[in-house]
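As written, the chains take the letters A, B, C, D, E and F, and residue 1 is the first residue of each chain.
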């Protein structure tokens, strides 16, 4: 069966710092370089959410998707500090961990099988993606 | 086998209005919001067509692809009103229906198995995609 | 004196058709080509509004600018047909006339001397700009 | 005399927070909204530096401009917190103040009359510019 | 008097090499670095041409501008080598010299006073501009 | 199993010419049009490299990926002529052949199974991609 998908783009601005308590200061500096600077830095994050569509009868209406992402992701992350304001307790705030967290937050609020892919653009040259296993698509 | 693909970008400017005769005026307004405004609105549409490539010996030469898309899609949709000028008879002119129609129009003119994916960018934040089933790729 | 300016980007999607009642059908077709197609087409318009800033003490606060542009421009043009829904009575809906109209609508609502420039992006390759005379800047 | 200019694009990622000690917490919140959130947020800043060129005999060689901007701006701001790491002592870290500070830092290191304009893109919809007075151009 | 302008975007792909016969090989290498590599390199050049507009009665119709730029600039430079195919006899093929040459080629074919500005984007981070003197605008 | 990937963007500027010794001059001209012009042309190439990620414990650290791509791809192709400086001995320098070559050069230097996809943007409207077979992902 062919697959029709819809991708919607969302944005939030946030501060963060790459740092883990499992490492010493020197090790953190070695591992993360300037991304480990003490006072943090920040990004204009872009979030791309892809859901399966059923054509004219959408499986999950887009205005409902917008509401879910707005309430679950944008309000939580926009104009926040990812390290201090969020639940990245055991993990550094890398793009990989961020895209995993966004998937985990969205998945329970979207009908099973509809969520196909979540992407995060951190900078012009850096893109992270979490894709559902091919079997489940 | 690895897969090499080529994606070409095309554009057309068109008017449209989200509306279906199956619903009352109030229901249409509730379902589609401002996209249901009576006199319509419009977009700079971008169409991305992805075909399988055979490397130096292309399975379907790019200048031939350009001609097919130009004749089949761009001439038909560019500077038109999707509702009044096109064959969206039983369907609203959503991005999902548009990407399905573009696939249906292109598929018969491209060698079997070559067409991999059609994408439509409707606005900066809205992307629709129709992908061949993984089996047939 | 050096000049500090702030430019904010706004967007609306609209249909339009290049046509003037001063010309015959054939003359309209000759003058405007496919932009004269009877049922119209449309664009994702981008509007760039540039105002003079006074540094930390802004002459015209940005959230106030946003409200003015939202009420005066975006609500009026977004998801509309420029020909049928607007007051382009004596003029075709070219980018030049659109940028003039947007300036004329905004100027009375912005403190004298603050509005520096209005730009309209109609398509990827088409940009229109109305700039205050250098003397008044 | 016609004017030839060259514009180079630079980037830095930084955290910041809109806040001024001259206002109470409530007033800060009223003035800056979510941009006043306690732990700050951040952006991918783009800096555009425009200098006058003399054609083949450049007044200020581009590789020298790159070195000046790298040493004076990028190293200072990249992966930093604008509020905590910088000299915004009497001013909030608005785009207007940032572009003024960048101009003030660059001007003494560039031959008199060469620096024409400094621009800062804070987000996709927000652009700040500091231009030399027309007389001095 | 306020000024209305229209900017049109054109493109060409070309090879070039920064090199001048006035310098020795070592001096060329020192002055231009990798841009002096013997076999050259290339760019996707973008050309932005800005002309004054008279509103609905255009001083210089856009389709005429397109024809002039197509014949005078795009045909001459597209899929060419700027050093070997063009008249850069006494000058290196820098962006500054290119934008000067494009202005010199276009100016005689556009009504006096209409041409306001020519811009050349060489790479994502490099922009060159030739602007008519303010007096003549 | 879901898949997390990271995509990094790299760039190089290069000259090239579409031409094959297997064809006569006339056949080359017929096959490649203006891309066959004798002195060549050039592009700002963008290379997108996608690798599998293991979340916080990356399978292949990004700074190591950057070093590999910098040494293997950017240094080799940047400010070069693809036809004269490179090992495209039996093949034309099409985007398809370029993306295959980049994959072949990168694959031995990246842990088995990590490299998912290589993309090349040649022009605004032209994108080439080499993807690992789905089985091996």
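The working rule: contacts are C-beta pairs under 8 Å (C-beta built on N, C-alpha and C of every residue); 3 or more make two chains touch, one makes a residue touch a chain.
As the structure is a computational prediction, the values presented were derived from the model and not from experiment.
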Co-neighbours of chain C and chain B - touch as defined: none
Minimum number of chain-to-chain touching steps separating chain C from chain E: 1
Most remote chain, CA-based centroid, reference being chain D: B
Distance-maximising chain from chain A - centres being C-alpha averages: E
Centroid distance [mean C-alpha coordinates] between chain F and chain B, Å: 28
Chain centre separation (chain B, chain D; CA means) in Å: 42
Touching two or more other chains - residues of chain D: 124, 134
All touching chain pairs, where touch follows the definition stated at the start: A-B, A-D, A-F, B-C, B-F, C-D, C-E, D-E, E-F
Chain A - residues contacting chain B, complex: 1-10, 53-56, 58, 63, 134
Residue ranges of chain E in contact with chain D within the complex: 20, 33, 91-92, 94-97, 99-100, 103, 124-134
Touch list for chain D against partner chain A, complex: 11, 13-16, 34-35, 37, 39-44, 78-81, 84-85, 123-124
